[in-house]
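Each structure below is given as structure tokens.
Each of the next two complexes has subunit A plus one other chain: subunit B in the first, subunit C in the second.
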Partner chain A sequence: MDLFPQFLANGLVMGVFYALSALGLTLIFGLMRVVNFAHGEFYMLGGVSGWFVTNHLGLDFFSGLIVVAASMAAVGWLVDRFLIERVRGQGEEPGILLTIGLSIFLVNGTLLLVGPAPMKVAGAVAEGPLFFGPVAVTKLRLLAVAVGIALIVGAHLLIRRTRLGAAMRATFQDPMAASLAGIRTGHVYAATFALGCTLAALSGMLLASIYSAQASVGGLISLKSFVVVILGGMGSFAGAIAGGLLLGVAEAMWGGYVSMGMVDVIGFVLVILILLFRPQGLFSIRTERA
Partner chain B sequence: MRNVVLGGLLLTGIAASVPAQAQDTVRIGLVQPLTGSVAYNGKSVVEGARLAVEEMNAAGGVLGKKIELIVEDGQCTPANSVNAVEKLVQKDKVVTLVGAFCSSATAAIMPVAQKYKLPLITGVSSKASLTEQGNPYFFRAAETDALMAEAFAKILANDLKLTKVAYIGVNDDWGRGGVEEFSRDLTALGVKTVLTEYFDHGATDFFTLLTKLRAARPDGVFVAAETQDGSILVKQIREMGLDTKVFGVGSWATADFINLTGEAAEGIHAAVPYASSMDTPRNQTFVQKYEAKYGIKPGKYGAAGYNALNIAGQAIARAGGTDAEAIRAALAKTSYEAPNGVYKFTDKGQAYGFDAVLVRIEKGAPKVIASTPVDAPH
Partner chain C sequence: MTLERNILLALLAGAALLPFAVSDQYILHLAIMALFYAVLATSLNLVVGYVGEFSLGHTAFLGTGAYTAALLSTQAGLPMWITIPLAGLVSAVFGFAIGAITLRLQGPYFVIVTLSFAEVLRIVANNWIAVTNGPMGLAGVGQNLFGDMAVTDKAGFFLIVLGIAAVALYLSYRFVYSNAGRAAVAVRENRFVAQSIGVDPFGTAMQAFVLGAFLAGLAGGFYAHYISFVGPEVFRFSFMATMIIMVLLGGKGTLIGPLAGAVIVTVLEEYLREMQELRLTLFGLIVMAIVLFLPNGLMGFIALRREQQAPRPTLNAAKERTV
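Up next, the complex of A and B:
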């Protein structure tokens, strides 16, 4: 029982990380109805470009974070204008194929440019342990949790409280009515996709400073993010947080009290249970599409 | 990667226009993980292999022809490695196979090599049982976990004054094999096992595992992991504030591991068949050439690729033709002078005679603290 506080702390930290990395997906998946299989690759690009700006351009961590955010927003905007735009309104399958293709392209492009070696992103603070009673964490993890929470709150406010956010919600409720009301829906789609990409990339860079960045991490991130989004309910920020924390704590407890080797199974067991008993997810109110 | 893609395109063109028999090169197929969590180590093998091929071609090639190395991505998974071998055999008509890094993947391609009656050499896969399957086409130019454990268990137990050890391995045949062999030999020396855990390839967060480790209070941790997983694990051991001694198997004595792990790497021990600081003239030349070509000192896997290709090339030269049976017979009579000693094969295809070393990482460099020749298994 004395291990419980540490397991819980590990689970909560991982939970925030999962929520953070799933945020971009829940936005794009939930609002735009694009099943973005390239999500993990945007996360990976965030880590790799984070390594590039801190290691090669010599920026400190936070300036690097801003540069990465800006450039990934641009990438997201372009991807939407030139690729997603072409399959919009044609149902989900073309989007799935497109993003799968995009993910293959991004992984191999990255392998070609920087190779498969794991890369280290210099963190913002030192890596030593901090002790709260029996619980050990690191400053870097606490910082990442703090930045993660700030990003989640920021994205929430952006969508709920700003004109752009209102335009987004209007566009995804009824694109026709929105464009009749004078909203430039093309820009709103692109802005939403750019925001999703930026969130994915920021979490990628943040977590790369704790673990490492590598060209082929994307697949696992995509899978876990889909688990979080399905648990929490599509398009719901509260759901992403709840789903992330649930997954993180469940994995920590299973790994702690049962076995580490099977830990990746937990997420999928949870998904099966959720789909059986509450298919709309924990937090989604809508059960059908608008 | 680019070479692979270009090579693939070129080959498609060649295969369409020229009948396969009219090869003007001797083709050797290499299956390694080029994507996934051990991709980085797979790439090192490919680098070493290319260097060996380059050297042999510069010396005139074999059978009066150049050697052509065809690399395929097996992703360390059994299914993809089998696909890669099928492609190399069916389409590229290679005369010898080298691969496939992960023991589980190698175990899967062994029957395929036997089906096509092609010699298969691995420079890496170390699960002991591979050479016990009676596959006459399989040769292992690498140490096994059992041989490493036998060679170093005693030195480790005495030097590190181990009494209670925790074992952590990656969840595959190699990791499980390493943990089993070392725990058996250390237990025989009176060292208690307090924890055995496995994690999946590509895992990034080990805090839960390390919480259990902290509770078990071992005075040594044995780790079987490759560069990426291993460096993150060792870093997090220190982040948790644990100061247990860490020792293990995997590609630990490499510049990249040390660079990724940073200060946390100081003082850890690794049992490896090769370290760039080994003190033989042949090794010094090898390190020099490797560094000139790739800008980095070779590690365990660079040397493994280099050795496996040299063994293959020399066997083809001695066979005097590309007949698979002749190459197999020549391989069995191998006596290859590697940077790390002389490789010979037992009847079962297990290499012996080369040196293995125990290194300690000090001030960011692997320092050899014990060296012992690997004996034939008995």
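Up next, the complex of A and C:
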């Protein structure tokens, strides 16, 4: 029992990154209705490019973070304008296939360029534990979590307080009315996709500073992000955060008390149960049924 | 309908002659893999093309079939003629159980939950070491067809997989042109209209789903014996991606499309193999190009060309062109 606070802390740390990545997906999947199987690859690209800018270009962690954010936003924008836009409004299938193709391309392109070895992003502070009573957390983790939380707050303010955010909300309520009101919906879609992409990439880079980035990690991350989005409810901002924390804690508890090997099963079992018993998601107010 | 049937019969007859005309083991191996994928693509097509729901969990049935056959063979020493049909049946039972849960869902939810089931099975296969031997997999699956009569050459395996493919196509053909198959298409086109004329969407979808699971299980059972090894990789998403690409490249909702897709993708993968790491990168690009430029697959493209060349453009052709 004395390990409980430690497991809880570890779970919450992981949960913040799940939440950050799922926040990106809830924009793309929940609002734009693109079943984006390349989401984990954007996460992976964030980690790999974070490694590249900190280790090869010699930037420090924070300027690296900004460079990665800017370049992944550009990537997301281009992907939406050149690929996703062409299949918009044709149902889910073309989008699923397109993003599966994109994810195969990105994984193997990355493998071709940097190889399969794990890549460590240079962290901003030294490794070293801090003790809060019985709980030990490394400084690096604490910093990464702080940055993650700041990013979540930033994304929230962007959506709630800016003109772009207002345009996004209008577009996803009614694209036709929004475009009649003079909103350039094409740009709004691209900006939303870019934002989702950036959030995934930054989550990847932060986590790569704690663990390491690997070209092949994307598939599992995509699935877990989908799990979190469904747990929290489609397109729900608070739901994605709560779902991410829930998944992180559930995995840490399962890994701590039951078995390490089956940890990844938790998310899938949760999502199957959720869709059976509460298909609108745990935290969704809108009654959108599966 | 008759054209489709005659083409299928001609293809099967032509394929049956292949092992007598070709003795090159490498080409025969390619042909076996193409037929194996053809069975898989046909079974996936029943769900994707006729029910119209996008299942990403089809590897669950492939893997269940493969593990069933491998366990029956390594533990009980049963020959292929028993293990492969049993593999199909066990997969069909799994299909029924999974279908009972997932077919209540639609759209993206169905996609994610089917995928979740496949992942759960993969992780279980990876960790339930007592039965599945974990990541080491089950090696040394027997290759005897009846009793002690072992299949030793590729030509034998080719004829077996051809038999399975013939069964798969026959069952699919009978299903697609039965009342249940037509009902499934009605649900695919418009769920509410279908319901209003008395079609039960859940029931018809279930029939297609279980049949698809059965056929995928057969393919999995064959795979276990042919490769002689089964590991958790059979549940991997890459198998799923290959299957989907075959169905969509060929054209979903047709019986010939997935066959064409299976042959093209198998040959293409083999041809690109010479380029080593570039292979899958190019593969990804090709997939994106298909989605953007050939949205209805090859069969859709051929149908469109035929309609365009017809002397007077019908309403249908005009509609197709705008799609």
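Going forward, the second predicted complex is superposed on the first by the 287 of 290 C-alpha atoms of A that agree within 3 Å, B and C clash if a C-alpha of one lies under 4 Å from a C-alpha of the other, contacts with A are read in each partner's own complex, and residues count from 1 in each chain.
Assume a residue touches a chain if its C-beta (ideal position, glycine included) is under 8 Å from a C-beta of that chain, and two chains touch if they have at least 3 such contacts.
Keep in mind that what you see is a predicted model, and the values were worked out from it rather than measured.
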For A:128, is the partner it touches subunit B (first), subunit C (second), both, or none of the two (neither)? first
For A:97, is the partner it touches subunit B (first), subunit C (second), both, or none of the two (neither)? second
Is A:261 contacted by the first partner subunit B, the second partner subunit C, both or neither? both
Quick check on the superposed pair: does A:174 touch subunit B, subunit C, both, or neither? Answer first, second, both or neither. neither
After lining up the shared chain so the two structures overlap, which partner does A:106 touch, if you call subunit B first and subunit C second: first, second, both or neither? second
First (subunit B), second (subunit C), both or neither touched by A:3: first
Who does A:217 touch here: subunit B (first), subunit C (second), both, or neither? first
Determine, under the contact definition given at the top, whether A:116 touches first (subunit B), second (subunit C), both, or neither. first
Intersection of subunit A interface sets (partners subunit B, subunit C): 107-108, 111-112, 259, 261, 264
Enumerate the contact residues on subunit C facing subunit A in the complex. 54, 56, 101, 105-109, 111-113, 115-117, 119-120, 123-124, 126-127, 237, 241, 244-245, 248, 277-281, 283-288, 290-292, 295
Contacts from subunit B onto subunit A in the complex sit at residues 1-2, 34-37, 39-40, 42-43, 171, 197-200, 202-205, 207-209, 211-212, 214-215, 227-228, 231-232, 235, 238-241, 256, 259-260, 262
Name, in rising order, each residue of subunit A that touches subunit B in their complex. 2-3, 6-7, 10-11, 13-14, 107-108, 111-112, 115-118, 120, 127-129, 131, 136, 138, 207, 211-212, 214-217, 220, 251-252, 255-256, 259-261, 263-264
For the subunit A and subunit C complex, residues of the former touching the latter: 29, 33, 35, 83, 86-87, 90, 92-94, 96-98, 100-109, 111-112, 219, 223, 226-227, 230, 259, 261-262, 264-265, 267-269, 271-272, 275-276, 279, 290
